[in-house]
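Both of the next two complexes hold chain A, though its partner changes from chain B to chain C.
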Partner chain A sequence: MSKSFEMNRRGFLGSLAAAGLVPAGMVASGPALAQDAGGILRTPFWPAPTYLNSAISTSGPESFLSPKFYDGLLGYESGMVPKPSLATAWEISEDGLTVTFTLREGVTWHDGEPFTSHDVAFTFMEVLKVHHGRGVNTFANLTSVDTPDDYTAVFNLSKPSPAMMRALDSRECPILPAHLYEGTDIMENPVNTAPVGTGPFKLESYEIGSAVVMVPYEDYWDEGYPLLDRFIVQFVPDPATRAAMLESGQTDAIFLGMIPTQEILRIAEMDGFEMTTTGFEAMPSGLQLEFNLENEILANKLVRQAIAHAIDTNWILENVFYGMGQTGASPLHYDQRPFYTTEGVPSYPFDLAKANELLDEAGYPRGEGDMRFKLMLDPSPWGTESINSSAYIREVLRQVGIDVEVRQQDFAVFVTTVWTERKHDLVLYTATMGVDPTIGVHRFYLSSNFQPGTGFSNGAHYDNPEVDELLNAASIEMDEEARIAQYAEFQQIAYEDLPIVKMVDIAAAPTLASTRVHDFAPDALGALGSLKQTWVEQ
Partner chain B sequence: MTGTFAHIRRLARHPSGLFGLLLLAAIILMSVSAGWIFPEGPWAMVGPTRLHPGVDPRFPLGTDTYGRDIVSAIFYGARVSLFVGIASAAIALIVGIVVGAIAGYFGGKVDDALMRLTDAFQTIPNFLLSIAIVGIIGASLPTITFAISIVAWPIIARLVRADVLRLRTYDFVQSCKIIGMSDMRIVFQQILPNCMAPIIVTTSVLVANAIIVEASLAFLGLGDPNVMSWGTLLNVGRQQLRTEAYITIVPAVALVLTVLALNLIGDALNDVLNPRLKERT
Partner chain C sequence: MTQTSGPITGNGTKKAGPFAALSSPLGRYILRRLVQALLVMVLVMVGSFFLMKLAPGDFVDVLAGTRDLTAEQTAELRARYGLDQPLVIQLVRYMGLLATFDFGYSPINAAPVTDVILARLPVTAILVVASVSLSMVIGTLFGIAAARNAGKPVDLGISIFMLLLYATPSFIVAIMLILVFGLKLGLMPIAGYESVGMGYTGWQHIWDVTRHLTLPVVALCTFYIAIYGRIGRASMLEVMRLDFVRTARAKGISEGRVFYVHALRNALLPLITMAGLQVSSLVGGAVLIETVFGLPGMGRTAYDAVLQRDTNLLLGVIFTSSLAVVTVNFVIDMLYMVLDPRVNLK
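Then we have the complex of A and B:
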């Protein structure tokens, strides 16, 4: 349909040109002109950001916008392989306690001031260690940053921190201008909404709640970049409107799942659109079902394993996630390479007979109304996936004699019910697994992280000293082979104990773009990077 | 009370009233028979997912995203819609009548206080208040019923107060007072029966409104997740409106027909109960 419309429009312009109303050059007749740079990129986003600085807020809009203005010390190629950015070289000492970064020379801030090692020291010590949601943990062992000269930054660590080296990109750890932040109240600093970075784009205008307009920074250190002439992010609250905007050509690309999956798949089938699932490795996330082990029924491992057998995770993957991902098989996400493994990890294939058998064995025969016992299921109201999956889970568990009641609440009330009041039995939620398991996965399994009052901590009240030891060792292990072995053992034990069943490892939120848009998912960070390589045919 | 049968007979002779009654009877029949026709319940995933209507004769209206039979969901949904509609209208009626009657009969400071309370409720947009209440105390059938009735009673209160205010000056009320009848008896035995006509008519609209609000809440994802209502289907369907529109259309039609039936009955009742229009029917 869109194709015939295009033909009509072209035909219409053609007739106008013939009539001398439009310059003939405006009517493209063949394939795209030879061009490999430039253009205007328009994309819708929601919600609108509070800041334009992801050093002080880890929420979605900040994570998307901030990397356009700011650079990190490193970038990451696909597979989370580090590559130079503001740091051109880095060296980790034998004992893992010092990391020396050689910084790029000749880099300037958008206001013309030179970038130096002082900016790096200030950003890590005063901002990321203090105000960044995940930074507090990631940089817990970072004691100081020495600056022997303007282009050398030495990180001193109290313990080795291998996860840190995966968290130095522009989204997770943007480097801020010390000369504008030093001595001010960082959260209240006006630069938070009028960014002055070293990044490829500078802010042209920001209409709160409406749009962010970015233009290239003419003195950007990576000569020739960014390729775009202009980058416009519009804030559009309704997903259906965002989809219609893409279809009608009012916008060029949809990043980070800004429209529902089934719409993405529908539009991707149409001519003139292209979809990719690469470029999201920095944010692997999963849907997981967590048991409250303080419930005496759920404290029985046989019951937990029976529940795992009763749920067809493939059904959830196909019908809730439209096949965008893999069925859960381990506490880690499949994108958490090279640590993810299924080797030796127990699996719980869909098998209702087995589930019934295990429940009988656990000592819960069917009673009144053919039911064995009653459980409460709290699905997270974030997004629609948990709620949609909860309807399915309730129905299959009913088939094995578990009477499940679904309790749907406001997000804040949901978090309080589960992690503060602990009034839950089963909880179903999506969570980020982190660029490194230390950052995203440890929190659910470490006994020290059983912290009522902290959302998305160890809500199961899982406590296995063996697992604690493995995870604590892995968080400071510098030898990658040894770390791989530690995580493999962790995955085997945790999936045998089963405080949490992973339902689905969610695939990268697909990027959907008009075929006029090129190079929009260049590395591991994709749209959460700078998008300086992206260009649009006009 | 002797006129009740006569009223019903006249309602059945009223053309649009008869149509409304038949429609409502069909919906009641659906909700009563749901358990016999679909013993496995509305949640059973009985077929392939997202089966369009008319493809498989076993599922004449198709299946939803979970492979649940939409016909079964509509039958069970009728129960919820009728329950919420009637229960919340009943609560609103009781609160509204009591508040309205007391305010109208006693007047003065009591009237002022009660009417300001009514104003307070009326100044808040109804639907927003319902959303807020359900959002805070959680979505379950009782809380939803409560949230709907809490915003519906002021209309009844105002209606009753206006009628009581008018009637209390009448001679028959004065004579009741003179023979020493208690205030309660005067209000509930003498005055209220005389202002039932507008209340009954408004009630039919109230029920219809409650059904719509429940469906709207469920549509927004604030329905009771353990109860299959038409709104539940709307909410499931909303997410695939572009690809499987029938999941939304089927419950929407059911809602339209139910509300239409109630409105037709309300209109007909208005005609039947209005003494000046007696000749017309």
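Then we have the complex of A and C:
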């Protein structure tokens, strides 16, 4: 391991930055001395993972841990610009139906076996297309992967799949070792909790529900990396405890909003801590209020628009999210560039008089107790954002004569109530919008995705053939200009129909670290990447 | 009150043969307790199973939500774990497994339930043993001191202190301990039961674990110290009024000896009962303390199992804790007999 090699590279980047050639964010934040590189990074996380493999579970802890052990075909620079990882080059055919990846040679798995195109074919066809929640849709058009030689993988598609090219990173699509998975029960394979990857870190120990300890893989293909000598993730359920650990120096960094925003802002003010919100385009998420259109009151568009006018999304942004984000203005997230737009998209500024007017017009005059009608609001139980926002929404909707009752339940009951039994009226939840709208946004709006029993499907029961057509076209459109136009039209129509009002586009979960920690948000994946460039001053 | 040591030895009739022990009153008593325990355990397991199933949603709903699963994938998972079967069949299958001491598979941990429980048990065991013994010793000492000085300022002081401990919820104590000893003074580790990934061994490891568990144990103790203190004081004062104490005094035995030798032993019975209750409640889990200190113990495991609808794991935890409770109760009953020969077990 030549750490000095890395230092030379950092010096090189530094001189480029000085010349204005690279964004400053790519360069080490402090003067890096060779003897500094390395160190032990400790971070708390919650919940504890089920697997250490994000190919078969896309939930939070897996997404955070798996990319340390596994690589993807590609990585993404800020702005979702693809960069080489296990694939060194890639070529999309003219018709968009074949994508040829040239794979890196000399890569080995943590058990010493060589990495080949067979691993790629196996992972996509047998694992990601079958067991990965989003993968089923992302790779729906992937019919086969040819392996003409050990270092070439040819993806054959039945239709062009532009979103696929944004989903090939180590978190979304880690490449698994075929020699350990082939012919086994993939979901219960022991490798799921004892990972053997090609990634920069290998597992030293894993205590279920307690801690994961990682050490560098000495034969990692990106020579000189990872910089850390040891990477320790401890599973700590209480956010206040996690904050105290950081403050007392018993942990070095907090990733992915692992402590409440007000605590992050408080500790960030203190000496010796540094906060960043950069480097997380790969995980845009939003808080959205969805209407059950099967409710006859909510089926009335005027009522939905009145509710949108009655809620001051800026209040929620400032008071619940401490300003970390933007008020919602479209079905897409502002980080979903270049498709996000507000041009021609109807807006619903905070206006109680207007809301009252629309409700009167809809034919719901105020009655007993000055109320027009009654609605049930189900806030998502994870985190605190939905629950806190729901208290505000209840009060403000009462002002326009809508008697809202908030129903707080645990996760399983919440999901069952809304998506299986469909007993809800209004549901307020945070959701990921996906690296590409096809992956994260289509599911809420496509009529074909009205699937009772499946969480976070089209829970509104929204059905607009025009929107279906636009989304289906956009999912296979290889021409970016055309795709931008399709999504612009979708945003205009969907926000006019308003099956969902976006409350807040949440800014990337801030990372808060001791100033001894360097280079912890290097690219579009941020902490969901490998963190191989991260190092800690001793 | 001096001839107390040695086991109770039947009523004189001795029979030969391998089952002789079972025909003695003590043997019959133990046998009856075993049968009772088995019945209790079966009832607990069946009851817990149905309670868990009464809650809306199963763990596949939870997984589907956190993993963005499709309808086909959720159906496949339900079939894999038998959740598509009628409840009675699920119960019969589970009890069948349990009869072979197999707790099944925990899908939220991707590991056999036995492995998960074995990993959690040591933390809980240390917490229980340390906090029960510590709170019992300290509480009893306070109780004795208060009783010895009944009505004097020392008694009043102790009583006020006990009331304070009694009225402060353990999680508040925990948070205060973290703020003072973890954050302000920086003396103690805040979370976990060891310094993860430091590879300590031997005495270094024991010292490390001791440091990590000190604050949680103290937090678990405070409430019970107050309980033992109050019970101990009341019990001592009551025993001191009994006839045998008057007799002992009449024989000219010193007040100190009467107090510490004759009375104390008799005053211990209610404290032992309390210890049994404390063990039972702690084995089931100190969820709040485990949460605040980030300790992977049984309570936290059960709590997460309920939230994520991991029936196998929850039932495994319940089985283990109820086994512990049944055992502890049995041991306590035996202890009564040793401490007070008047206690007759039938």
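Basically, the second predicted complex is superposed on the first by the 502 of 538 C-alpha atoms of A that agree within 3 Å, B and C clash if a C-alpha of one lies under 4 Å from a C-alpha of the other, contacts with A are read in each partner's own complex, and residues count from 1 in each chain.
As a working rule, a residue touches a chain if its C-beta (ideal position, glycine included) is under 8 Å from a C-beta of that chain, and two chains touch if they have at least 3 such contacts.
As the structure is a computational prediction, the values presented were derived from the model and not from experiment.
With chain A as the common reference, chain B sits beside chain C without any clash.
In the overlay built on the shared chain, the residue A:Asp111 is in contact with neither chain B nor chain C.
Of the two partners, chain B and chain C, it is C that touches more residues of chain A.
Once the two complexes are laid over each other on the shared chain, residue contacts for A:Ala240 go to chain B and to chain C alike. Contact with neither chain B nor chain C is seen for A:Glu496 once the two complexes are overlaid on the shared chain. Using the contact criterion defined above for the overlaid structures, shared-chain residue A:Gln262 touches chain B, although it does not reach chain C. Using the contact criterion defined above for the overlaid structures, shared-chain residue A:Met187 touches chain C, although it does not reach chain B. Judged by the touch definition given at the top, the superposed model places A:Asp370 against neither chain B nor chain C. Touch criterion met: A:Val136 reaches chain C, while chain B stays clear of it. Once the two complexes are overlaid on the shared chain, A:Asp146 sits clear of chain B and of chain C alike.
In the superposition on chain A, contact of A:Asp519 is made with neither chain B nor chain C.
Fitting both structures onto chain A leaves chain B and chain C with a minimum C-alpha separation of 5 Å. Residue overlap on chain A between the chain B contacts of one complex and the chain C contacts of the other covers 240, 410, 413. Residue ranges on chain A touching chain C, taken from their complex, read 40, 42, 44, 47, 50-51, 57-60, 131, 133-134, 136-137, 187-188, 192-193, 204-205, 207-211, 213, 230, 232, 234-238, 240-242, 244-245, 247-250, 410-413, 415-417, 420-421, 443, 451, 453-456. Taken in their complex, chain C has these residues touching chain A: 55-59, 61-74, 80, 105, 107-111, 115-116, 119-120, 175, 178-179, 182-183, 186, 189-193, 196-197, 291-294, 296, 300-301, 304, 307-309. Put simply, chain A touches chain B in their complex at residues 240, 243, 260, 262-263, 266, 319, 379, 381, 384, 387-388, 390-392, 394-395, 398, 405-410, 413. Per the touch definition, chain B reaches chain A in the complex via residues 43-45, 49, 65-66, 135-136, 138-139, 221-222, 225-226, 236, 239-243.
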